[in-house]
Amino acid sequence: MFKAMKTRQPIGILGATGMVGQRYIQLLERHPWFEITWLAASDRSSGKSYGEAAKWRLDTPLPERIANMIVSPAEPSAAANGNQTAPKIIFSSIDAPIARELEPRFAAAGCAVISNSSAFRMAPNVPLVLPEVNADHLHLIEEQSWRKQSGGYIVTNSNCTVMGPVLALKPIVDRFGIEQIFATSMQAVSGAGYPGVASMDILDNVVPYIPNEEEKMEEEMLKLLGSLDGHTVKPLIARMSASCNRVPVVDGHTVSVSIKLGKPATREEILAAWAEFRPLARQNLPTAPEQPVEWAPQPDRPQPRLDRNRGNGMAVTVGRLRPCGVLDWKFTVLSHNTIRGAAGATILNAELLASLGKL
Amino acid sequence: MFKAMKTRQPIGILGATGMVGQRYIQLLERHPWFEITWLAASDRSSGKSYGEAAKWRLDTPLPERIANMIVSPAEPSAAANGNQTAPKIIFSSIDAPIARELEPRFAAAGCAVISNSSAFRMAPNVPLVLPEVNADHLHLIEEQSWRKQSGGYIVTNSNCTVMGPVLALKPIVDRFGIEQIFATSMQAVSGAGYPGVASMDILDNVVPYIPNEEEKMEEEMLKLLGSLDGHTVKPLIARMSASCNRVPVVDGHTVSVSIKLGKPATREEILAAWAEFRPLARQNLPTAPEQPVEWAPQPDRPQPRLDRNRGNGMAVTVGRLRPCGVLDWKFTVLSHNTIRGAAGATILNAELLASLGKL
Amino acid sequence: MFKAMKTRQPIGILGATGMVGQRYIQLLERHPWFEITWLAASDRSSGKSYGEAAKWRLDTPLPERIANMIVSPAEPSAAANGNQTAPKIIFSSIDAPIARELEPRFAAAGCAVISNSSAFRMAPNVPLVLPEVNADHLHLIEEQSWRKQSGGYIVTNSNCTVMGPVLALKPIVDRFGIEQIFATSMQAVSGAGYPGVASMDILDNVVPYIPNEEEKMEEEMLKLLGSLDGHTVKPLIARMSASCNRVPVVDGHTVSVSIKLGKPATREEILAAWAEFRPLARQNLPTAPEQPVEWAPQPDRPQPRLDRNRGNGMAVTVGRLRPCGVLDWKFTVLSHNTIRGAAGATILNAELLASLGKL
Amino acid sequence: MFKAMKTRQPIGILGATGMVGQRYIQLLERHPWFEITWLAASDRSSGKSYGEAAKWRLDTPLPERIANMIVSPAEPSAAANGNQTAPKIIFSSIDAPIARELEPRFAAAGCAVISNSSAFRMAPNVPLVLPEVNADHLHLIEEQSWRKQSGGYIVTNSNCTVMGPVLALKPIVDRFGIEQIFATSMQAVSGAGYPGVASMDILDNVVPYIPNEEEKMEEEMLKLLGSLDGHTVKPLIARMSASCNRVPVVDGHTVSVSIKLGKPATREEILAAWAEFRPLARQNLPTAPEQPVEWAPQPDRPQPRLDRNRGNGMAVTVGRLRPCGVLDWKFTVLSHNTIRGAAGATILNAELLASLGKL
């Protein structure tokens, strides 16, 4: 177990005003290890108080201390000095084109950039990590030139839609192998940020397309389930097909999954694989859910409105396990897309890095 | 072509107050061939005027003439005499357990029972017909004992969720064959009737389960795509897997479909199969859409709110045709579940029967 | 009655790609008097085909002819010459700041600018007209300097939320007088244009504020119900209070209204005032609904999803007339906000102007 | 302050499977003073385990202990003996016709019936109490014959829609007087129980009618704001008009309120009245919110999705205070209808009774 820290480590947030940025703030409010000391956002926001700059969209109050913090420019120099405590740990959730330019500059400046952005997820020397699934991939940071020069590095977590299925599939891959994966998502609007999806597009409607989402889901899934092989990750060898849809739900991505196994498994064996899947049981990471994959025995669950907050939004819920007429088994998996699928994932990665002495 | 009728044929409706019953009334209001002369519903409604008995849920006005009609008991004798014109053609949309008992009694009384109910869809001697797909299956009525005795018979249309995919798949089956079918639905609430789905269950939510729906979808799909072989229908030999979900949409079922073909086809060949699929072009059935399968070229279509009314609700819309990482091709298909998928399907079956001289 | 025109008059649209612009296109597709010959939008759109430039959000298909038209710059010179037929009639629905600059330039160029924009609604010499309510206010165009110089002028219709209540109140004002008006709206998202209201703001939510809406509703209501007094309009003398809310509805503004009358009226007298209110009965304007104010006798109506399309979206529906514990009477009124409340209102104004020989 | 109890007092619940019954269970799970020991529901449920009998609709897990409890018949004898601990305190939330028959029988059997049902709210000798507003009305229980005979009594809380406005108005009544009240509600679907509002009725819709709601709102408001006068309550003398609407929101009733004051007040004075309104500050009731009326300074608040959970769902939020063109001031008030407006209200009443030694 990681030793209790005397003082909480300072954290900076890149993209603090966005939907995921708001979740970082919410989830870190009483965090035992981390404390937000620096907030950065686009030029439009910098120089304002956070309370002015952000349109807070969460149903818990914006903490007073955060509301009064002044938003900094998104510059490593702004983080490294000035009136504010300079954090060496940066949680980042910004658009890919901006991340592609900014995150390396923070890493070069010696920061641990723990990112929810998609820019570097598939880079060969950047770990794409979900602590319960592939903690060992973190070794990839040693392949990064920044690490050698300044100590800085980039670690990423996956796309919000991948998170639920990959947690549900990991214990099955480990015990039985998986050769084919079929995933059809019904995704919440919060996944598109703010303002994101127009209400005219989604009220009384389904949008059967989310730009680049299917590609991300397919490639990130296989990298996450892949194995570290020396200096690189070998993706899982499996055929994968994703279909992504947007539905009128605020939070919580629901995914219908079908799989072909490497070797046969009974329903009981799969349920057991999920029940016994507790890879972080001994680590005592504060944000890790006790049971990362919870089974819902009711015939009509999981449902986003009822199940998204399980494990404080960090547990994924599986249900409806039944034989598949085309592959072997099918089931439904649900995860909270801005907690488990984004802000909580970044925080859990940071906790893992801290417990390994890498922060 | 069927000859123009001098007078419109009288139609009776079983289950007149339900959601599909209301659609029958709406769609038949200015029908050139058929005229509603008899309405029946449960005991609770019978004896009342339709205006009193039904909670009209459609956005066109309830026709005055219908509002004033008295609802009859759901009895063949009530249809066959009394103050009302006795119709020999019955459109039925009632719950399966009641249909199982009632529909045979109407058939035995000499009625053509053209049904949206699920009770007899899979009975070996009952045709499950979609005019564009398997009109020839209607010959099965000659296998029914009622037909021989009283002239009556039962013809059914499929479940509302099957309708869209089966229309989209038929021209592909004909040209290339299909070996495997994967279908994940996102279904509108009107499919569950009224009151149907509780708002507490579906606002800000997805329900990943609809009782018996996946079974119906799988077996009805294969019967519809099957071939008439003497006195019986041989279902299509294909592996099929359906996953059914309810989403907060009023009307219009959206389905993500993946298929494995019998022989290779290019994207252009599949688009051509859809464009050229006009099996009823020469029949001039009033309710048949000019183009039963419409292709939407936009990357984010079809969408239920925008596409469900194409072809007066009788055309299905396909979009997003793209390669599938597990099978061969995948696409999205949308159909109006209470028009194309229910009331309109019954009416089109009746028009087909009329054009064949079977009414 | 206005004589049937041999040829349809050419119409230009300012703001063609917006939500109201799309409704103009939809409603004019088969219009007997008018034909769209020119489309203008922001610089971003001009030069593209309309099909490329606009994100069509309506559930009827975008007409092929319109899809292929090239969007012009929003300049009078662009309307007056070039490859396209130069229309002298402009339907305008653009943001107020732009309208403030552009509409006078079109009027100065000799165009009849019939506008849904709010920029000039309250200008003393600009008529704010709803044909059933205050057709005589059109005389104000003679007070406009453009009219004298080039023949051009500006005529406006009201804010979408005012339209329903003002139609319902007009016959009551005429018969009984009104001294106090209380109106609480529940407005559809289409009223905010596209992308307009973010889904994150309105799913599972109510937003009790719409910028400037309450002010517009109060002042426009009184001007519409006012009387032409020589060269100016004297607003109705009445106390008025509006509270405006946004709700998760696609189309249709619902308003709870309470009123204090000038002299007592019974329920029957108010119902009669509505039933007999047919001020355009003899004019035969193509877009005018037969019954502009329809009474819904059911206890739970009007409802936006069920009643918004009455009279092709041009009739308003009133219901729930009952005594008010504070003022005299209260009721609920519903109107389709982008048809009756916007595009249809502009078109009806144009028809009225045409019938008066002013086009 | 009420002394810490050694053991928690046993509580029985009448109507345990309904929406409010579920909230009792959720809110009492870790309650310091009360413990559920008995659950009763309709005949259909009795004899089953609660887990089987109830369709749990909340987003926190059903507590294991409760899931395994057997549902009793709704009979005082069933509560008074048998295998279960017999509670003398009954929380009741059942339909009025059943409450009218059952609640007196429990009171006669010596139970303190603390009820959310509407049956006896307006009975002259039954207190209708909201602890922050009219705790002194509790003395009415001494007027009840059951109290004298068996010690039992009935105490009620108000309708869920009244609760928010009455809390917001109480400090204003106390300081300035109120002569006229106008209230237009936009109510969540959970207020109608389960299954309650059909999704076909509310998706993309507003229903401008809730049976008996306006009458309840008007009469309960005036009784709550009335004064105890010897053996009876004299209602507030004020004119009141309520208009009630259902909107597609899961939880949280939003109400637009306008008022005419007894004597003038500035905006600052009203804000101060709300800020300083902390009538239970010294009582330390576990469920009482620190600040019962919270002011939202943003121009577009309160909003149900963002504000309903303030004060653990027990605080009401007010916003948009502005002058009213007809009366004096208008504002928007929001409260969580199944917590503050129902289950939490009953529990707070019980806490108040306990602190007064009446339990």
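For reference, chains read A, B, C and D in written order, and residue numbers begin at 1 within each chain.
In this text, a contact is a pair of C-beta atoms (placed from the backbone, for glycine too) under 8 Å apart; a residue touches a chain by one contact, two chains touch by 3 or more.
All values derive from a computational prediction rather than experimental measurement.
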| item | value |
| --- | --- |
| Chain separated most widely from chain C, comparing mean CA positions | A |
| Pair joined by more contacting C-beta pairs (B-C or C-D) | C-D |
| Where chain B and chain C are represented by their mean Cα positions, the distance between them in whole Å | 40 |
| Centre-of-Cα separation between chain C and chain A, whole angstrom | 47 |
| Rounded Å distance between chain C and chain D, as computed from the means of their C-alpha atoms | 43 |
| Per-residue multi-chain contacts in chain C, two or more chains | 57, 203-204, 248-250, 305-306 |
| Chain C-touching residues of chain B, taken from the complex the two chains share | 57-61, 203-204, 250, 305-310 |
| Contact set on chain C toward chain D in their complex | 180-182, 184, 186, 203-209, 218, 239-243, 245, 247-250, 254, 256, 258, 299-306, 319-320, 324-327, 330, 332 |
| Chain C-touching residues of chain A, taken from the complex the two chains share | 19, 57, 189-190, 194-204, 248-250 |
